[in-house]
Amino acid sequence: MSLLVGAFSTACVLAGVFFFVAGTAGLIRFPDTLSRVHALTKADNLGLGLIVLGLLPLAPGLGAALKLLLIWVLVVIGGATAAQLIGAAAARDEHAMPSPPSGGRGLGEGGVP
Amino acid sequence: MTATTPEGWLLVLALTLPAGAMLLAFVAGGRHAQRIALGALALWLVIAFAIALQVQRGGAPLAYLIGGWQPPLGMALRADGLSAAMLLTGAVVLLAVALFGRAPYATPRGAQETRAAYAYWCFLPALAASLAAAFLGGDLFNLFVALEMLTFTALALACLDGKPSQFKSELRYLLFALIGSVLYLLGAGLLYGAHGTLDIALLAGRTRADAPTLVAGALMTAGLIAKMALFPLHLWLPPAHAGAPAAASALLSGLVVKGAFVLLLRLWFWVLPAPVVLNGGTLLAALGAAAILIGSVVALRQERLKLLVAYSTVAQMGYLFLMFPLLAAGDAETASRAWLGGVLQAVSHALAKAAMFLGAGLIAASLGHDRVAALGGAARVMPITVIAFAMGGLSLMGLPPSGGFGAKWLLLRASVETGQWWWSLVILSGGLLTGGYVYRIVAAALAPPAPGCEARPVPRAQELCVLALALASILLGLVPLKDLGLVRVGAP
Amino acid sequence: MTGTDILALAACGLVAIGLYGLVAQAEVLRKIIAFNLLGAGVFLLFGVVARRGAGAGLAADPVPQAMVITGLVVAFAATALALVLTLRLYQITGAATVAEDPPEPTAPDS
Amino acid sequence: MTAGLLLDLLLALAVLGTAAWTLAARSQFAAVIGFVVTGLLLTLVWVRLGAVDVALTEAAIGAGATGVILLYVVARLRGGEAEISAATPSRAQRALAALLALSVGGALAYGVLSLPDPAPSLAEAALAGTAPLGLGNPVSAVLMAHRGLDTLLEAIVLVFAVLAVWSMAADHRWGGRPGPVFQREEHGPLSLLARILPPVGIVIGIYIAWVGADSPGGKFQGGTILAAMWVLPWIAGLVRPPSVTDWRLRLMIAIGPLTFLAVGLAGFVVAEGFLAYPPGFAKPLILLIEAAMTLSVAAALACLIAGPPERRRRA
């Protein structure tokens, strides 16, 4: 049983790491902002999700497991918002002539702990 | 082993009273801030006096263990003669400056709170709390926090006017001060790693001339002299101090730089092992000598009154470093003389320089400018201020009877007695150069007014504050030396 | 060489990098970032000291850890202050460095 | 052990690499990102050093809050190229700076590597001094009791800093609300986030502050999260910060150090002296101080992030 759980955890974490690597490669290799963000958020959310999934059976109790899930949910929310904001900013820059950003736009990550 | 002394609670009070007053002033704001600050500073003077009295009478340092925890795990507040003398000086200068600031930073009844007045009355007790922490702290890390408190307070006071030109020099000051704090902290980390404590009294028994201690000593010294603007790290000081409003300049030049000085003394004569002090002291004194000569010559050539006074601070801070080789080299009596001379220089400079900066501020406010060449007529409009300025100058020159004379005479004697006569040449030529720039100002102020010059009268109350500080710096020289034994209590 | 020694050398490296950036860069904002790198190096040194003092069942000596927590908060406050000064300087004068001004022309006062 | 050694080596190289990249970054924005990445890597280093409390603080304040204010200023700062290139040090000056940095770093390395072995430590003393207080986290015990004066002064420093930041405002802006005006976008992603995140974030912040007594966490880490939950709706334009002359805001900023000071002084009467806790009541008193401090840290950090008032006084 514990062997099975160990194998499941290892597999999930390895898969998660693979998605992280893939996402990072996309961030570096893709040509424009939108596809970069796309690669990053998709891969990171999935990657972190798999890592959390792999760690769940190893959690010492229900509380710890819930905390792990909460971390994943928060990162997904934060990542989605950041991606939206970056995407909107990129779209603005493409349509309008490049203009100095106004006020405090682009500070979306500010709220994520 | 430190133990709480019966009057140790006075030290807690000296720290918590201004801190609490600052917090209350911060919340209350407006007219209340001024009342709270003035009341707290007056009480603070009483406490500082009581501490000095206890130290002098008992002939032994006061101590207080915070929360009853014994160092190295806990922390202690300690007041020896040095702490007591500097605390008393700080209290006198702060109260005088606070009274001086009643006119420019008043909040009339029914008027809305203004930015400058609110910040001024909050930061005066804040400065008192910072000084108390710096003078009484017995733990090197706690002293780091005290240094940062001093930096923040000094910066805010200097920017009180909100003048655009001021932001750049203050930002430069802040960067210097931050490098200084970080280097100091770096050394503190090494000392903890090597000796397992940052308590000054415990470190005194544990340090040896090994690699971590030497590196830590060098880093901390470099950090502290950057904060004290010792030559060649002095360039930030003149614009930062000269550009600040008069009350702030007086506090910055008179008190804030002395916080780092007390820490440097603690580091060198308590923490570092004796051989280091013997060899390194000469280097510090050489830099100090350079500061005296170069600072004075540059001051002599300044066209602006406030810049001149600020460069004079660079020179006068140089004297403080002359005590280092003299203390280490001489016999007990010579060392004691050098110690007294150095501390007396710090005290008398604080009083005299505060008086001179306040005076310079009044002169600038009255004439509408501070060009030395066009000071004519100042003595007619505000004779008291010009006299007070000249009295402060006397103390800086080291002419009798003044506190500065006592300080420079003691240093001179110690330098001859230890056979390091070259320092006495520096002291004498520094005095001559100081005489030169003070004469320039006083002569210009005594000259008849230039045609078309209209000087506005200044409030008499403000003039009296300046006079009080200048008188204090002179009267210090009339106190018989044996009564200054306070400073020797707990000396290294 | 232990892992702690390696991290100790990393702390020294961070101090050197931060110090260089603080002295050699022109823009104030970059100086402030460099100050924070320097500070991170100093705190890391405290961390190494704490780790070396592990004992009594604790993974690290809690006293230097407490100092670092205090220090981090103080460093943040200093950074905030420096940044506000930078911003105000820029808003008023348009300057982004603290280089010496050209010598003031002796304009008539007031 | 070799795996741990390899991990330490990789982490050290990554930290130094990102730090160097931060200096070399072409734009200020990139430099800030480099700094934040360095900070996050440092968080891992802190875990490796067995200092989880510090790791949390580094992530929340060192990388997080510092990164936010850096970004905030970068977005509003556009330096003139000519001025910057005129102020850039010459090659010789940079070589001198490198020499200085290398000699300080080298001397430091020499000092660190010759630290005594076994190292002096207060771990045992601190652990022995933790149990009587009823706490389970020795770092919190050191912060709140053994070195309580440090923490008290640090709490006061935060008030100094807020006041100093406010006092940089232009005179006619006094009485206004801190920070610039943020436009409200009713259906933007930011305002969505600012609506759904704070309820969760506030719970997490309070939780982290609460568990600090016994496990890693505490007022500074939790307070930073609370500050973020307050700043987020400001930036989204959903709520407006209170005016700097509002005494309630000021009280919130000062209540932590005031409570700390009051409990400390009460020690003269009910315990052995200043900052001493009466036996048996140590933990409730410490929790009281921590609660007030969490509130103050949150308010102070939020005000430090927002900056001086930049809009007009209320009519």
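In order of appearance the chains are A, B, C and D, and numbering begins at 1 in each one.
We adopt the following convention: a residue touches a chain if its C-beta (ideal position, glycine included) is under 8 Å from a C-beta of that chain, and two chains touch if they have at least 3 such contacts.
Model, not experiment: these values are computed from the prediction.
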Which chain maximises the distance between its CA centroid and that of subunit A?
-> B
So which one's got more C-beta contacts, C-D or B-D?
-> C-D
Any idea how many Å lie between the Cα centroids of subunit C and subunit D?
-> 13
Where the centres are mean C-alpha positions, what is the separation of subunit B from subunit D, in Å?
-> 31
Please report how many Å separate the Cα centroid of subunit A from that of subunit D, as a whole number.
-> 25
Any chance you could list the residues of subunit B touching two or more other chains?
-> 73, 141, 145, 148, 152, 155, 159, 186, 190, 193, 196
Of all residues in subunit D, the ones touching two or more other chains | 72, 78, 104, 108, 112, 115, 119-122, 126, 142, 146-147, 150, 154, 157, 160-161, 164, 168, 305
Mind pulling the residue numbers of subunit C that touch at least two other chains?
-> 15, 19, 45, 48-49, 52-53, 63, 67, 70, 74, 77-78, 81, 85-86, 88, 95, 98
Touching chain combinations (by label order) = A-D, B-C, B-D, C-D
State the interface residues of subunit D toward subunit B in the complex, per the touch definition above.
-> 104, 107-108, 110-112, 114-116, 119-122, 125-126, 129, 142, 145-150, 153-154, 156-157, 159-161, 163-164, 166-171, 174-175, 245, 247, 250-251, 253-254, 257-258, 261, 264-265, 267-268, 272-277
Show which residues of subunit C lie in contact with subunit D when the two form their complex.
-> 2-21, 23-27, 29-30, 32-34, 36-37, 40, 43-45, 47-63, 65-70, 72-81, 83-88, 90, 94-99
Touching subunit D in the complex, subunit A uses residues 70, 74, 77-78, 80-81, 84-85, 88, 100-101, 103-113
Provide the residue numbers of subunit B that touch subunit D in the complex, in ascending order.
-> 4, 9, 12, 16, 19-20, 22-24, 26-29, 64-69, 72-75, 77, 112-116, 118-119, 122-123, 126, 129, 133, 139, 141-142, 145-146, 148-149, 152-153, 155-156, 159-160, 162, 186, 190, 193-197, 210-212, 214-216, 218-219
Interface with subunit B, subunit C side, in the complex: residues 15, 19, 22, 28, 31, 35, 38-39, 42, 45-46, 48-49, 52-53, 63-64, 67, 70-71, 74, 77-78, 81-82, 85-86, 88-89, 92-93, 95, 98, 101, 106, 109-110
